[in-house]
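Both complexes below contain chain A, partnered by chain B and then by chain C.
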Partner chain A sequence: MKKRIGSRQILLLIMLFLVALIPMFIKTPYILSILVMTFYTASASLAWSILGGMTGQISLGHAAFMGLGAYISTLLLMNANFTPWVSIIVVFFVVGGISALLLSPCFHLRGPYFSLVTIAFGEAFRNLLTNWNYAGKGQGLLLPFGDNSLILMRFKSKAPYFYLALVMVILMYLLVKYIDQSKLGYALKTVREDEDTANAIGINPWKYKVIATFISCGLVAVCGVFYASYIRFISPDIMMQDQSVKFVLPAVIGGIGSAIGPLIGAIILTPLSEYLNATLSSIAPGANLLVYAVILIVVILFQPRGIMGWYENSKFKIKLNNWLDKLDGRKKE
Partner chain B sequence: MENILEIKELSKNFKGLKAVSDVTFSVEKGAITGLIGSNGAGKTTTFNMISGVLVPSSGKILYNGKDITGLKPYHYTSMGIARTFQIMKPLKHMTVLDNVASGALYGRKGYQSTKQAKEYAEEILQNTGLYDKRYCLPGDMGTPFKKRLELARALATDPELLLLDEVMAGLNPTETDEAVELIRKINEDGTTILLIEHVMRAVASLCKKVVMMHHGEKITEGMPQEVMNDPYVIEIYLGKEES
Partner chain C sequence: MSTFLQAGANGLMVGGIYALIGVSLTLIFGVMKIINFCQGELLMLGMYTSFVLYDQFGLDPFLAIPIVAIFMFIFGALLQFTLITRSLKDEDDDTNVLFLTVGLGILFQNLALLYFKSDYRTASSIFSDKIVSLGVITVSLPKLVSFILLIIVTALMFLLLKYTNIGKQIRATSQNKIGAEVSGIKTKSIYAATYGLGAAIAGITGACLMSFYYVFPSVGEIYGTRSFIVVTMGGLGSVVGALVSGIVLGLMETIGAVVVGSSFKDTIVFLTFICILVVKQRLKTKRG
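Let's turn to the complex of A and B:
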């Protein structure tokens, strides 16, 4: 089968182009900030999905690794004038290494027991930073303000952050997609499905869990670098366990185990929670969370494999594909 | 003929229970050897020790003259040993093709690209009669096909010695005959096979040698006809005739 540029690729490029044009037309910082947070959540969720979705090790401590990334890059910036761009590389290897080392003895735990350990590690890091003078204790750290500077990843308007986040989410998606289709991806998915089978075909489950942890936690730390540069204030609160859940939910709602699932989940969930927050919390405080929770429960109850799980088995997919093939002028084989 | 696998005085205790005790037998290179016995005889435990899932309490396993006792199971693939599971363990959320491609990627063929691995997997699927089902999920297929999938995935690792744990259980007579043909074909292509089986018809037509186990011990071994006509074996399977 020859590959050629068809309607799918063209449609995708048009969509990307339209998204890239958004800051030209929408100047409201509030809307832009929601979009930035959407991209950021999607990136973190994609990073999480390498360990949680592909390898099936549900981590509930990823916010701590994200926070570690944010802290390391901020401390490097404030004390050594390190540019966040270099921090990205440093943080990937340092946090990836730390998490792989810490979690490596825990991979013999299965299912919820592994998740509990990750919660414990998350809390441990949060407590460490809450009590550490050098890292600003519980008050957190304020990143230095100043003029726009690309090198320091510091901008006064939202638009540059929008593009940074957009590039980040695209790269993250392409990376996850690549791993999904690679030899490594097959090993990770085999480990997720059945460890005995993995053993029987020559895959060492422990080794591949360590590799997945390294990549996943390293990447989520990179998201942390972006977070710190964007919010410009970090405190141990960003490592709270409910923040970890924010990375898990888009993947669960979008569809665990597919590369595009976390992306779709984040695009739906982040604006939804913002919208509910804006409209409902003025009427009754907390009502937004209630409605949000109900929506989540309904989706998980009726569509446990997420939106992508529904799409893969739906008539909509067949219709969409037929329509796209028609656009290409291709005949159905 | 030389022996590809030699089991020497193999024992396994689960706390106080002796599941397997002092079992000794060998598997001839290029032949099909059967391991038979009633339920709970310790056949699968022996299998799990041979494939590295369980560590023997005592005894030795020699593969091509090399001591492999106690090695981790994931080392076995590169040595050329593959196994299937009695209780089928398909990769549920992956297509049949991907199931087999996984085996091809990490087996002895050493493919680096998934494309090559998939091509090889398609070849295997054609040989095992699963090609039409390659885009199915294992859960959507019936037992005979799942059993075949187990076999195909093990074959994809390009083994020298194939351990089959009851691949014919739950198949009807026609399907059993097809499975027998398939196993014979695999053997004729040069793969040595050690199989656990309850279907005596299949064992008799396939195996060159049969090892009979009972209560964790080896009772007898020999040609299928000899073993099956052994009065003690008949007694174990059918009970004692009242005189």
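Let's turn to the complex of A and C:
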């Protein structure tokens, strides 16, 4: 059957177009920065979901791999004047390779033990970077400031970063969606559901976990390159465990294992958290994380499959589909 | 040589704290198979309880231990009975419990931040600032008292699990939940009681720690990860294993700090942990 361009695609394009227009109308750097952080968190969460959601290996150390990406690109930029655009490719393969190599002996560990190993690796990396002279020790690194430059991914206003982040999140979403529906995605999901069965039907769980780790950690490192270019300051603190949790939460709250889940989760969580952080941090420090925690606990207790899990079973989905079909002029069979 | 002896003595004392928090987690994670990522935060709550008792009533952290233990027991039992038990229904899937306890950890940490602010707070005990000299090594008295308490608590836990009626019920529930229920054990209460017991020991650890350390909202992070290291190194559900591996971990840290410099001691600890975990798993699969 040929795929027709229906109202769904058109609606999506219109929405995308509207989002892309935002910087033309909203000039407030504060709102733009919230949106950039939202896109960035969504991208990192999408990258996490390849390993955590699709393959079911809950990593709590992804911030360390993000940080590695940020450090590698920054050091390349500062010492060899390397453009971040090339770093993106370098970082994807280097961090993906390192993480796959380091984690490959650990894939026989199941459940919480794997999470513990990722925490341990994250802490070890942070400890190393905190004490490494070349990488600025605990004070971190300040990226060189200067004029706008597309090649060096350096802008004075927020709008270019907004578009960069938007492109990043769209590409990330399309990639995750593509993997989700590809043969690789089905193999990963089989591994998640039952490793023994996967083994019996010729899917080597170990091999697929290595592939998932490579892609997932490589992609989160690419997010790190963006982070370094945007914030222009990196320190070992970005590798802390609670940063990893920030990548995990949107996926869990939005719905684990689907491509749209992390996106929805990040769109709901990040603006809320950034807003609370900006308004309450002086009088009530930690209020934004408090809200994170409460939302997480409520979702886990009442809707463990996340917002998308609720949506899949709700009447809302049927109504929406009916309405979209009507727009298309299709009749319900 | 005396440096090494001193490092060894310090490691023993630090290891005591690790062992105690490890014993508390081995009850919750080892015996009851509840993946508890908020163990460090329970310790932090114990520390703050002890701090409040000191701040308001001038109670010595060591004297406050019974109150802290009872408070944390009730708190932990209620927590398990109301929230965690709901996520335990699905037996195969433990990611829910993992995320729930991660969420609880963030919640406690930020509630503490909200209420106590991020200041470092201390409480002093009658033993504070006193030092015991044993030949070439010196040990601060609060650490020594904590260490003795650790031995007592571990011995009590061991006896409780092994010989008392409750201990037998706990072990039965751990081995086979349905079987235990058939034999008339109220597994729900046993789960709550075990979690409460684990929380109480975490509280005791906190009160001990309060006598020579300071408390701040994220103090639990260090100990939460360490407690998992201790439990996995010592063997799931083994109280004695937790004791030994806690002390080994402490020694590894302090002696490692002397050998390679204190800045890289964390890296050593974590890498050793990963190696132990992987090797253990390999041996297990080989034995079949």
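In the analysis below, the second predicted complex is superposed on the first by the 317 of 333 C-alpha atoms of A that agree within 3 Å, B and C clash if a C-alpha of one lies under 4 Å from a C-alpha of the other, contacts with A are read in each partner's own complex, and residues count from 1 in each chain.
Everything below uses one rule, namely that contacts are C-beta pairs under 8 Å (C-beta built on N, C-alpha and C of every residue); 3 or more make two chains touch, one makes a residue touch a chain.
The structure presented is a predicted model; accordingly, all values stated were derived computationally and were not measured.
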Pick one for A:Ala120: touches chain B only (first), chain C only (second), both, or neither.
second
Once the structures are superposed on A, label A:Ile58 by its partner contacts, choosing first (chain B), second (chain C), both or neither.
second
For A:Ala200, select first, second, both or neither according to whether it touches chain B, chain C, the two together, or no partner.
first
Touching A:Gln139, do we find chain B (first), chain C (second), both, or neither?
neither
For A:Ile297, is the partner it touches chain B (first), chain C (second), both, or none of the two (neither)?
second
Looking only at contacts as defined up top, I'd like to know whether chain B or chain C touches more of chain A.
C
Once the structures are superposed on A, label A:Pro285 by its partner contacts, choosing first (chain B), second (chain C), both or neither.
second
Looking at A:Cys106, would you say it contacts chain B, chain C, both, or neither? Reply first, second, both or neither.
second
Report for A:Ser157: first if it touches chain B alone, second if chain C alone, otherwise both or neither.
neither
So, in the complex, the side of chain A touching chain C is made of residues 56, 58, 60, 105-106, 108-109, 111-113, 115-117, 119-121, 123-124, 127-128, 130-131, 241-242, 245, 248, 252, 256, 284-287, 289-290, 292-294, 296-297, 300-301, 304
So in the complex, the part of chain A that touches chain B is made up of which residues?
181-183, 186-187, 189-190, 192-194, 196-205, 257
Using the touch definition from the top, list the residues of chain C that touch chain A in their complex.
29, 35, 83, 86-87, 90, 94-96, 98-100, 102-104, 106-107, 109-111, 113-114, 117-118, 217, 221, 225, 228-229, 232, 263-264, 266-267, 270-271, 273-274, 277-278, 281-282, 285
In the complex, go through chain B and note every residue touching chain A.
51-53, 72-78, 82-83, 85, 89-94, 98, 101-103, 105-107, 111-114, 117, 153-154, 156-157
